[in-house]
Structures are given as C-alpha cells and as structure tokens.
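In this document, chain identifiers A, B, C, D, E and F correspond to the written order of the chains, with residue numbering beginning at 1 in each.
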C-alpha cells in the first residue's frame, strides 16, 4: 500500500517530533518517490532539560534543513521564533484548523501523519485536536479534500499518560531504514541527550524493536489509524 | 415519561444542531404542550464547505424563526453576529457556565438536551463541557435548580471521532414526526447540502432508521443519559 | 490496497453473518479475482424469532451455496448440524484456535475478516476471541503464517451493547455492489425478516448509507482494524 | 416514571443480591402496586467467609420468603440446591438465555433489573452476559417482548474491579424506604456480617448516602441504564 | 511505605480541596514527621451556592492558616485574590507547568498528590493536566527532579462525570485520623454546608466508609496512582 | 517499599511467564530475603511454534527447577502433565478460585503478582479472572487474608490485543539484575527462540529499556496495580 502513496503531509508540533516518531516511514516513502511536506507548528530557541540553554532559532532551522535533505521533505513553520513553544493552547483553534485545511486542500495528500492527542504536551494536544477537526469527512464535491489515510504516530514519551495507551494497529517495517532514522534524530543535535533520557537513541531503538517483533521483523514503526479508505 | 416533561432547555452550539439531532423529540414534546427553549450559542454568517458563501446573519435568524414555529420553541442566541463560530474555545468557561446556570435557574427545566463532547468541533466541546459544569448536582435547598433529566444528543457527524463512540441508551420513537424533523432541517436552507454530505437528509434518515430498529420501530432518536432521577 | 489482496479468509459465526456484514467488500474482492474462503462456525436448523420454525440444515446449506456463487467464495462449516448454534461457549477454545490456525497456515491469507467481540452473542464472542489468539503475531520463520491485514466487521445488531461502540476506521466504498450484497442477504431467505427487524434490508442499507457519508460516498462498509502491515 | 411501571423482573444471581442492590427501588415500586418477580439463579447452603458454615438450603428459602413478603415480590430459583453457586460459568449460556427469554416473554416486564457484568464473581458475570443476550432488541411483531427499561444495579462490592467503574446515571430517591431495605438485608441473617465487611449495613448505607447526595437527597439507589425507551 | 515519605507536595485547586480529599493521609504523614507543602491555585471571595455571599479573601486565608496548623503543612497561593476562581482555563498552560516544575525542583518531593482530571471543574482540570506535564519523567541527571510517587485524590463530587469513574487502587487507613480530617473540613467554615450537599460531612464520611470496607477497615482514603517507583 | 515485602506469591499460567514478566523484581526481592512462591498453572510437553516438538514434561520440570534456584523461589504446579495447556477455560472457575484462596490463606503474602487479563491467551485470562475473584477484599477478621499489594505484570506479547493497552504505573529498577533475568529466561531453553520472535531476548530487553526510561534508569519492569494498601 505504501507504493500507492504519492503525497504525504506530516504535522510535527516541534522540530524533531516527525523524525522521532515517523522518520522510518518517511524514509521509505521518500525512497519510493512520494512528495512529502512537514508542517512544523512551533520552533524557537526554547530551553529543554538536559540541553544546552544557548540554542538559537537559526540553529533549529539549520537542523531542520539537514534532516529535510536526509529524509526528503519540504517544510513550513507555522509559528517560528514567536515564543509559542508549549503555548499552542493560547492560539484560537479556528486558526489552526484553518491552517491545516489550507495545507490539505493545497497538497491533497493521500496520507496525513499526526501526533497523538493522548499526550501531556499541550502543543501535541492542540495539533492533534485541530488536525482531527481539519480532517473531518466532507465529500470532495463540496470543495474540501478528503484525506483517505490518516495515521497517528507514537514515540517513547507517550507512555507517560493518565489512561490506557492507545494501541497502534498499523505497522511499517523499517529494518532497512532505521539507521537513516537514527541519523535524522542525531542531526537535531541541540536536542540530543544520552540514555536514560526518554528521547535517547536507545529508547527509540527499543520501541522500534518491540514494534518489529509484533509483525515478525527486526524494527518497525507503528501507528494508530483514524481513517483508511481502501480502494 | 415524555408526558411528565413540562419544561425543556436545549443547548445548540450552532443554528441547526438542535433540529438535526433532536428535532424529533422536540416535535413530540411540543405536541404534548411542553414549554421549550433553545439556547443557541453562536450564530453568524460563517461560511461552510458546500454552502453559498453569501449567507448573512439576517438569513440565519429568519431560518431559526421558521424552525421555532415549526417545532414550537422560544430561543436566545448567546453570541450573535460576533464572529465567534468555531471560537467558543476562546471564551472563558466561567462565562458559559454562568450563562447556563442562569438559564437553568430561570427556566427550571425537567429536561436538558445537550450536544456530545465526543466531537471534533470546539464549539460543541465547549458547550458540552460547560453544560456539564452548570448541571452539577447541588440540592435545590442551596439555591440551584437540580435538573432531573440530562440527555446528550447525537447526529451523523459524530461518527468522525478518535475513540469508541459513546452508545446512546435512551430512545424516542419519532416515526410519526420524522417528516416534521426533516422539514425543520430543510428550513435551514442556507445549510442544506445533498448526499453524500455527512449532514444530508439521507444520512439523518439513515441514523433514525438504525436507532428505530434498535427498539423495534421505524425511526427513532437516541440519546446518552447523563442523569435521570426517577420519581 | 484492495488490488493487492490475493487471498481472503472470512470467519462467519453463522450462515448469514458474512454477507450481512461484509458482503460488499467480498463482492469487490471477488471482482478483482481474490481467492476467498468463508469458514462458517455453526450451521443448523436453529429457530430464530420471526422466522419459520421449520428450517432444515439442508435449506441452510442450499442458501449458503447460492450466496457462495453470488459472492464468489469457497466455504467450510466447522460444526454442521450438531445443535451447536449459540453453544460455541461450550467448545474448548483450544479446539477453535487449532481450527483457525490450520486454516490460516493452509490458505496463507493476506486478509482475514472477523466478527466483533463486542457482541452479546456467545458464538460471535467465541469466534472473535479465538480468532485473535490464532492471529497472534509469530514471525513466519517459526512456521506460522503472519496475516498482514486483520479487520473486524460490523452489522446493525452490534449497537445493542453494554459499553461504547468500537469505532470502525477502515472503509470500503460499496456503492457499486450494494445491490449484490442485498441480493446475497435475500438469498438467505429462511432468515429474511421485514422492517423493523434489526437485520432487515432497511437497517443494512441505513448502516451502509451512514458509513458511506463518513467517506463522502453513497454506501460503504466499515471495519475496525486489528493489524495492518503496510508494505 | 416509576408510576408507569407495572411489571418488573429482577435477576438476582444469589439470594441476597436483589435486596442488597435494589431493595429500595423494589420497595417503592411495591408501594405503587407494581407486579414484581425475582429470578434467583443459584441458591444453596454454600459457605461464605465470616458466616456460620452450617447454613442449609431450607434456611435460605425461609430467608427469601421473609424478604419476599417485606418487599412484595414473587420468586423462582433457577438452580436450587444443586451446588452451582459460583459455578454458573459451567452452565451453557444458551440455557440461561432460554430461561431469561421465557421469563421475559411470559411476564412482559416494563422494567428489568440486572446485576453488573463488571464484577469478579462468575455467577454475576454469567447472569449479566446472558441477560444482555436475552434482552437484545427484536420488534414485538416477531414474537419476542421488547423490554423498554433495562437497568443495571450496583452494590458496595463492585468497587473491587480491574478497570474504571461504570458510572450509574439513573437515580431513585430511597430516603423514605431505606429502613425497609436494611430490614430486608437483615432478614438474610445467615449472610449478615458486621463492619468492616464489604456487605455490612454501614457500607450499604454509605453507598446510599453518596448516591443520594448526587441528586440532592439523603439516600438513593443508582443504576446504569442499558436501554430506556421513552413513551 | 508511608514511613519512607519525607517530603510531600499537594496541589489544591481551591482552598478546601486538599483537606476534603486527602486530609486523612496528610494527617498521617504529618504524624510521621513528613515535610508537607500545599500549593493552592486560586483563592478569593468567590461565591458558591449555599454559602454566605459575603466571604472575603481575608477569611479564606484565615481558614487556610487554621487548617495548616491542624494538618501540619506550609502553603502558597498561586493566584490569590485575582478573581481567577473557575478561570484557570484562561491562564496559559506553560505558566502553570513552569510554576509546578519550580515547586517540584525546589522541594524534591517523594510524593505529589494531585486532583483528578476527570472533573467537570475547569480549575481542577487545568491543575491536573499541567501537573501531569510538570511530572513527566526526565532522569534527574538532566536537571529535573523525578517524583517517585504521584497519586490522584478523590472526593464525593467527582461522581458527577461523563464517563466511567477512574477506580482508585491505592488505599490509606484513616480510621484513626478521620476526626482530624472532619475538623479540618469544618475549619473551612465559609464553605461548610449541611446534608444533602455533595460536600457535606456525611458525604465525606460515607466515601471514607466505603473505601475503608474495600480494605477491611473502618475508614480509608483512596487514590489513583499515576506513577510509583518502588525502591 | 520492596524492603517491607516479606512474602510473595506469583501466579504463572505457564512455566516461563513468571521469569519473562517479573524475573527482575523477583531477583531483587530474593536478594532482600523475601519468601517467594510461584504457582504454575499448567505445565506439560505442549508444542509451541518454533520450538522442538520433542519437549517432555520432565524437561519442563528440570527447567523450572533450574530457574527456581537462580531466582530463589519455591513452586507448585496446579495441573502438571494433564494436557491442560491452553485449556484452563474448561476448568470450572470455582476450582481455580479455591486453589488461589488456599494458597493466599496459607502463605499470607504481602504481594501477589498476577498475569494480565488483557491477553489473547485463555490460560492467562482464566488465571487473571480467578485471581481477581480470589483476591477480593474481605477483612481478615472474617477468616480470609487480605493481600495488601496486588500487581499485574506484563511482557512483550501483550501488545497483541484488541483494545487500548493498560498502562503500568508501578516501576522497579532492574538495571542491576537484568542479566539474571535473561539468564533465567535462557534456562527455559526448550522455549528459547531467536529474534524476531515476540518472546526473544531482544524484545524482553527492549521492553525493559523503555520502562527504564520512563523512570530515568537503564532497565525496569513495570506493573499495573490492582490494590496497594499503604501502611
């Protein structure tokens, strides 16, 4: 089915979420020639625990550019350098829905990849909730593109949660491209932190290993499906 | 039990939600002489996919008035012509709770009908969440009306969701009044769209057909119950 | 993606469940030349409400044969004429798991369609639960076929349930084949009952209409996905 | 709405479950002249922790008879003195469904009260699951009575569970009859145990106190609704 | 395990939530010499149903001070006398997360007690959601304190909810200190209201009685655990 | 808290489940001198995919004995060499409950570790469900031991499931003992299978790595808590 995907839109709350969660499927889709766009939501020099506080917006842009080349995507930042990291809850939802609908109607993607809403991070929640609104089903005859495949990605950090963990049902074998995924992750080097950080390479690899075993391969990425129209 | 209902409050995020979701029970209650008020939350000339962009606030008011006559309710609009459609998430929740409590304490309804919170639409979510707060149980002796029956209505669009679909447990046979419900729906003619729109007459009828079969009749409306005090 | 499916196994607790729930996708797959097998679990002359009590096992076999020609599948009955309808809970689960594993390893299906376990009917529950066990992921190198696509089908009757209704995420447009689905349903004529029976043609059509609107087409079938390995 | 209930069927896995969970609503319905039948599932001299091991079947029957007079119901025992307490999981479900359908079609109740399936006790689970099957909706024209109101009762012990606790939505003020409920409970004196037993009078009263506060009265019983057809 | 707890942080949306929900465990921890801090979120002269409208901020502070002495905690108010009661949804979440992280990194608590997010009250929801974000797991080597024990408290009012009730799994016997808990509750005398108010002493005692029976004691407090690192 | 645990009962459906899921916490508890008993449910020469079909009951006993020495536990097999593997659903639940209650009342454990019921394997489900019944709370004064801590263990295979995955909340750092856990696993060498089997050492290590990161350490085991009485 990957072979039928021609256009992909990835919604990434922050700079490294896309690579962290779906760098593998992106590498595979890029290899098959899919047109891929990443919509980053907020990017700036925000300080994270265990990272060097001196990160600049410029550095973050350079990192994104490097990863874009590695994984083969075009990109846009909705709120760049506006001190809105962890503040998407203060943006009216209609603005985010409007932005997403614009992207969807322009790109007419076969596949949209979105973050989970079962996340403690308000930017991920805002991105998820407004993506769901923007992806509501309206027949194309009424002027809105109906995206046939909508998948929710995961990463190690979503295990910190207040309820049962949504079980992913869709799997992609990334055994052949996991090195490229880890390379992409490393390219966000202002964000890199060693084990036992929840985002470290060991954790990302462990999750890929577990997901792989669920389909009898070495490494996989897994997704929850919100909609999949088979044709 | 319908025969014991004397006063009804319906919370309708937008102009057509009430008729779309509970036009049937409203018609039946009106026939039995119940006093019914619809609190619309936001109404203005907002553009929707597949509708004529030239809708005006005046047109929407005329439509509401026509439906009010057909279904027999009085009405009020909380935020009329203020460009707040799909922006109720920006209104402080306390304001909405205060508004609902005022209505509840004034009208002292036996039954309140509210939209589902399991909805991608931020206005529906805001209406639901604040309704739940306003309907919290406080004994009447402390000065707040305790609404004995609170039901959550549904419509075809709530099938687009991120989790299991809440199962409605309360059913009302609308076989005899479905024509009037569809007439009410048609009266919102700036909003009418043909099949296969999620809101089309065919979809509304199909849902009524399914709900009807669940209780062995031709057509029904179904509701999730939040509270029902039997007396 | 339908075009890549070559071999399909459908688990049908009773004679008409497969046609009722997934007659549409089966018709589409048959048209594309997929090899399709239906494993019926229990078939006999069991009496149902509203049907003629005089049904015989022979009649049920004839009906199955007629539908098999219409929808293009081969078939087998696990427990034929053994008075086990509504008694699969009395069969040791290991027996059912063994049976399913045998079928899966023989046929090596790309797609398995199974009934929902969120059902009040003990035969559906037993079929679902043991199917899940039989479909557990073991890498093929260890001697067990790993089915890449596992979908759970639905029908109007599963709305009678004790909890939220699992939301289907996978959709197939059946607008062009719904007539054939209804013809298959009618071919089980010992089971046919008019509206407002939960299984009547009107109810089946209404569900297809609603599911269709969720993807912007006239009629669709919808499924919950347990596993989908994209390749 | 209680005033419209004319015939009630209560399913009670063991001798004291009905009084423990719904003695209050039963007292109120009896006062209004409703015809009430309790179907006990298994009764025998089974030993429970903290009770006198010498209980006999005869004693249990005498207790039931005393409570039947107090609360005003007729009764039947499905499996009396057959050493089947805590063994209903070994009875084929079809037998239980058949039994319940027979009762339902004979009595044609307006209201059926059933135990929760969210219970660790296999007899409660078997009673619940088969009751749900027996209560599935089939239009009366096909020869099966469609029970308009189905409520699930609760008692203090169901707090020991493996998941979230189903929230009851239907409430009945039992302030005026709680004494009679406690009297009924006390009449099962082979089963009576003092605080801090989970089934003690203090626990039953505490639950009634909490449920009462949820509707602004002193004491109430609460129920989860599976179906309520308003007419 | 209580004996190993040395430092405790309690998040209390309003002045009386901490005492109402966890006054018992606080009394027990105080008796063992734990250092305890309560972070109140919003306190002012806000009017509640059934209370005297003339409450002042000064009165609320005096009440807090009295309870602090009784239960042995230090305290801070995040938003005092700013008319923000029931308006925490209007505060950017990042501000609340920053505040909580500051407290956590300063106090380095072994145990944090937080309100439930399954609550209709927007201040409780905001406190819960941001607490979860602030408590996300980052290894201490990266500069953030990892709280080993995070418990969610309950009170009678959270029974008014729209879904199943999260089941508490952690219990503390408060039989010996329930009098002190009720004394603390009474000390908030601008808030005290008699039965049948949802917050009355009878309701609080009834919940403690039920929770106690779940572990075989007279009275207990119960909590849902979000994280517990055993060492 | 581990230091206060003196007696532990582990319920293990099959021979290797205990080591696979909780070998780490067992090693830590053994090091602290806890008395530990493992109740195996069914053990025989049952054939599994990817293992040598010639396994004998004798071999399985020898493996258990070796692991018992390594991890320091005594043990018992409920159904040894009776061809009951994957057939515990055919054993009356009362028999299993009686067995567990006997063990609990004899050993009076502080901690019981049980398998998850969210598992496709009927032996795991039967063990879980009956364990929950046997662990229901009855005050000790009535003659039944009330186990203060009940934890549900996990392993990689429970990711194959039909619903959301229960999130474990209790964590134990096993960084120092993971080698011993893997050694125990290897000692079940009739069951050992290489990657990418769901049970391989790589998968077990990956899960430990992920759970470790959730509490900021290298490796951990995680558990869902059913009850924890703090004292």
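Throughout what follows, contacts are C-beta pairs under 8 Å (C-beta built on N, C-alpha and C of every residue); 3 or more make two chains touch, one makes a residue touch a chain.
Worth saying up front: this structure is predicted, and the values here are computed from it rather than measured.
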Fewest hops from chain A to chain E - one hop per pair of touching chains: 1
Chains touching both chain B and chain C: A, D
Same-site or different-site touching of chain D by its copy chain E, using the half cut: same
Separation of chain C from chain F, taking each centre as the mean of its C-alpha atoms, in whole Å: 36
Two or more partner chains touched - positions in chain E: 137-139, 141, 160, 196-198, 213-214, 216-217, 226-227
Chain contact topology (line, ring, star, complete or other): other
Complete list of chain pairs which touch one another: A-B, A-C, A-E, A-F, B-C, B-D, B-E, C-D, C-F, D-E, D-F, E-F
For the chain C and chain F complex, residues of the former touching the latter: 92-94, 97, 117, 128-129, 132-133, 136-139, 141-144, 226
For the chain B and chain A complex, residues of the former touching the latter: 49-50, 86-87, 89-90, 120-122, 157, 160, 162, 193, 196-198
Residue ranges of chain A in contact with chain F within the complex: 156, 159-161, 163-167, 195-198, 200, 202-203, 205-207, 209-210, 212-214, 216-218
Chain A - residues contacting chain C, complex: 1-2, 4, 137-141, 146, 148, 169-173, 213-217, 225-231
